[in-house]
Amino acid sequence: MSANFQDRDMVLPGDMLYEGRIRTGENTYRSQEQVYATHLGLVNYSPDNVSVVALSTGYNPLVGDVIIGEVIDIDLGEWRIDIGTQSEAVMGIPDAVDRPFRTEYVMTRVLDIGDTLVAKIVDLDRRRTPVLSILGPGLGKVYDGFIVRITPSKIPRLIGKKGSMINMIIRETGCRIAIGQNGRILISGPNREREEMVVKVINKIELEAHTSGLTNRTQEYLRQLKESSR
Amino acid sequence: MSKSNIVSHLKQKKISEVLSTGKRMDGRGFGDFRELTIKRNVLFKSEGSAEVWLGKTHVMVGVKVGTGTPFEDTPNEGVLMTNAEFTPIANAAWEPGPPNEASIELARVVDRGLRSAEVLDTAELNIISGKLVHIVFVDLYILNYDGNLIDACSAGAIAALMGAKKPVYNVVDKEAKLTGEKVPLTVRKKPVAISVIKIGDKFILDPTADEEDVMDTRLTVTFDEAGNICTMQKSGSEGLTLDEIKKCINMAQEKAPEIRAKAIGD
Amino acid sequence: MSKKPTTKKTAARKPAKSKKADKAASWKRADGRAFDELRTLKIESGVLPNADGSAYIEMGRNKILCGVFGPREMHPKHNAKPNEAVLRCRYHMAPFSVDPRRSPAPSRRDQEISMVIRSALEPAVFLERYPRASIDVYLEVLEADGGTRCACINAAAVALVDAGIPMRDLVAACAVGKIEDKLIVDLGDYEDKKGQSDMPVAYMPKLGKVTLLQMDGNMSAEEAEKALNLAIEGCKKVYEVQREALKKKYGIDQPQDKPPKEFQPEESEEEPQKEEGQQ
């Protein structure tokens, strides 16, 4: 085998992962016969693919992602929205309002500068600008709650397999939680105490994302928080 | 001053909601400061220095003692100059460039505190009357911004000055020569600035960046050890009633000794 | 009295040549270092909460902070490049970083060094992945003691990786100079000022390519070649410290300490107790 590391070793950009023919997965690049890592992360070898699970990375937008953003500008029938990517996202009127609609003046009544929204990426245009839509269940302007940010690469860990982690947190705290793939999490709870518990749990998951037994430990941690609040 | 230049309505709403329950987003009480750590003499090339962490706000204060000509109207007195730098590493929205309003205000408020309280003995900074005096430079370098820069910088300035030394000159035949000796700067008073901000009808101390984003107005009051006011500065777009001003002064006065103790290293 | 007559004899008959060799081997620099010894080096990653990536470096008595922001929308937009990101580097010295105090306004030297740092880093960054964006690298020198441009490059490379920006390799930098006709590695402030030559070099360690080469002073062609080799060896030593700094943030220092399979959520979460037992 021409793999230079063992599966799940920590690698850095420039580390040569593989020599020979193999499919190059995410966060790698090929130069002639060799495959190198482009990010700090854990190398993943499978029979026909080598990739790196990045420990630190910016948000890489994909069509279909649900994200949380903030309106930063309104310009010629389009909202410009910050979602934490290299370029601002855009949203046109037809993707925000599903009835005939004309006047730009009234755009601010739908979404104003400074408003927060949950949206879906419906397209990445030819300039790789994310195009958003708020038409759909669970999408739209946010009226309540607050945002917590974590590194986007930790989001899968926060969700857990088939939502096991996030559903457990929602169950135990009674809070409404919406997760944006761009590392932003919207929380709204029955009281401040419960909301603070969710923040503590999220911080713990962010710190320990790469360790084992996290779901059980998180559940235990939540139970302790609830005990001490009685 | 903001982490980005747009204020989020959601944030504004949430902060007000939480304040109305008597608490803040990070669980503190209205009059609580975040964890304050001050380390002195951290830079070897500066005559004095202090590194301050106030929550996530991180500031480096450097004191350099140089020489120069005195001002015409004060020929026997040394000079104090305070400067603030909003470095672009401290905040995503801060771009490199010449000082902006906020950084100038910060430098001037800290400077006025030091000047009004006559912290430095400017006569002691004289070398040759009318020709050569010591110039004390206080540079406030922001390394990470999370609110309340004035209080952090003012405490840091006192800490840095207290550990600062000036080079000794020997004056012979109207010529000044360095003796190689260094003596501590006399620090006569230890004024500290405490800023009170108003959000809605609530008054809070030590605001985070988020709280500063949604504040209506701010009153900074600098006190010396005797409890006298050396400086006041109001900034922000809303007015304050006389009662509100009194309330702010009281809140600041109560807190000043605790922050001073940290600055002087008790 | 010596108990080893041979030693005594050898001492008496010691030829002049090996006396010189002894002297050369024991020659120390002003601060007591050997000719190829680096100053103390300490690097930490992820130190600035507001930056996308960051690093702090102490190289000798240099103290430098680096913050990386991006990739982000480029402002002003007309400066953006259609096919790739613009890497912007800003080298800036705090007024109290040198003696005597210097003005906070950027000088021409600051601008030249900013450009040099950018050129050293650019070959390692996948700029083509982010058209029309900017990647901003801000360096703040809190204390300067010779060789700040190399220290800055070392910090910037770590900060870029910390920010999750795709890179071909890291970049490590080290300067070689000449003092009293001897080549020395990693010049301190004194050697910088009093030496005969100064050659800062930046190097991509895995790809084996030089990305920065400057030289001032007086060297023969052979000396220059030797100096370059020495510099590359120095860069490799720096690289080891950079690696440590990046890995340390995740609490995994040894290659054997692999995080278990649970990092990937696709693995079974239903019975985590069992998984732990398997390790």
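A few points about this structure:
Going by the order they are written in, the chains are A, B and C; count residues from 1 in each one.
Simple rule for what comes next: contacts are C-beta pairs under 8 Å (C-beta built on N, C-alpha and C of every residue); 3 or more make two chains touch, one makes a residue touch a chain.
Treat the numbers as computed from the prediction; the structure is a model and nothing was measured.
Chain centre most remote from that of subunit B: A (centre = mean of CA atoms). For the pairs A-C and A-B, the larger set of C-beta contacts lies at A-C. Between subunit B and subunit C, the centres computed from C-alpha atoms are 34 Å apart. Chain geometry summary: the mean Cα position of subunit A and that of subunit C are 33 Å apart.
Centre-to-centre separation of subunit A and subunit B, using mean CA positions: 39 Å. Residue positions of subunit B touching 2 or more other chains: none. Shared interface positions of subunit C, defined as residues touching 2 or more other chains, are 52, 72.
The part of subunit B that touches subunit A in the complex is made up of residues 4, 6-11, 13-14, 18, 21, 23, 25, 27.
Of all residues in subunit A, only 6, 8-10, 12-16, 27, 29, 36, 38-40, 42, 44, 53-58, 86-88, 127-128, 153, 156-157, 159-161, 164-165, 209-216 touch subunit C in the complex they form. Within the complex formed with subunit B, the subunit A residues making contact are 70-72, 82, 112-116, 142-147, 192, 196. By the touch criterion given at the top, residues 3, 43-46, 49, 56, 60, 62-64, 66, 83, 85, 87-92, 96, 98, 137, 139, 141, 143-146 of subunit B touch subunit C in their complex.
Those residues of subunit C whose C-beta lies close enough to touch subunit A in the complex are 52-53, 70-73, 85, 124, 126, 130-133, 161-170, 204-207, 243, 246-247, 250, 252, 255, 258-270, 272-273, 275-276, 279.
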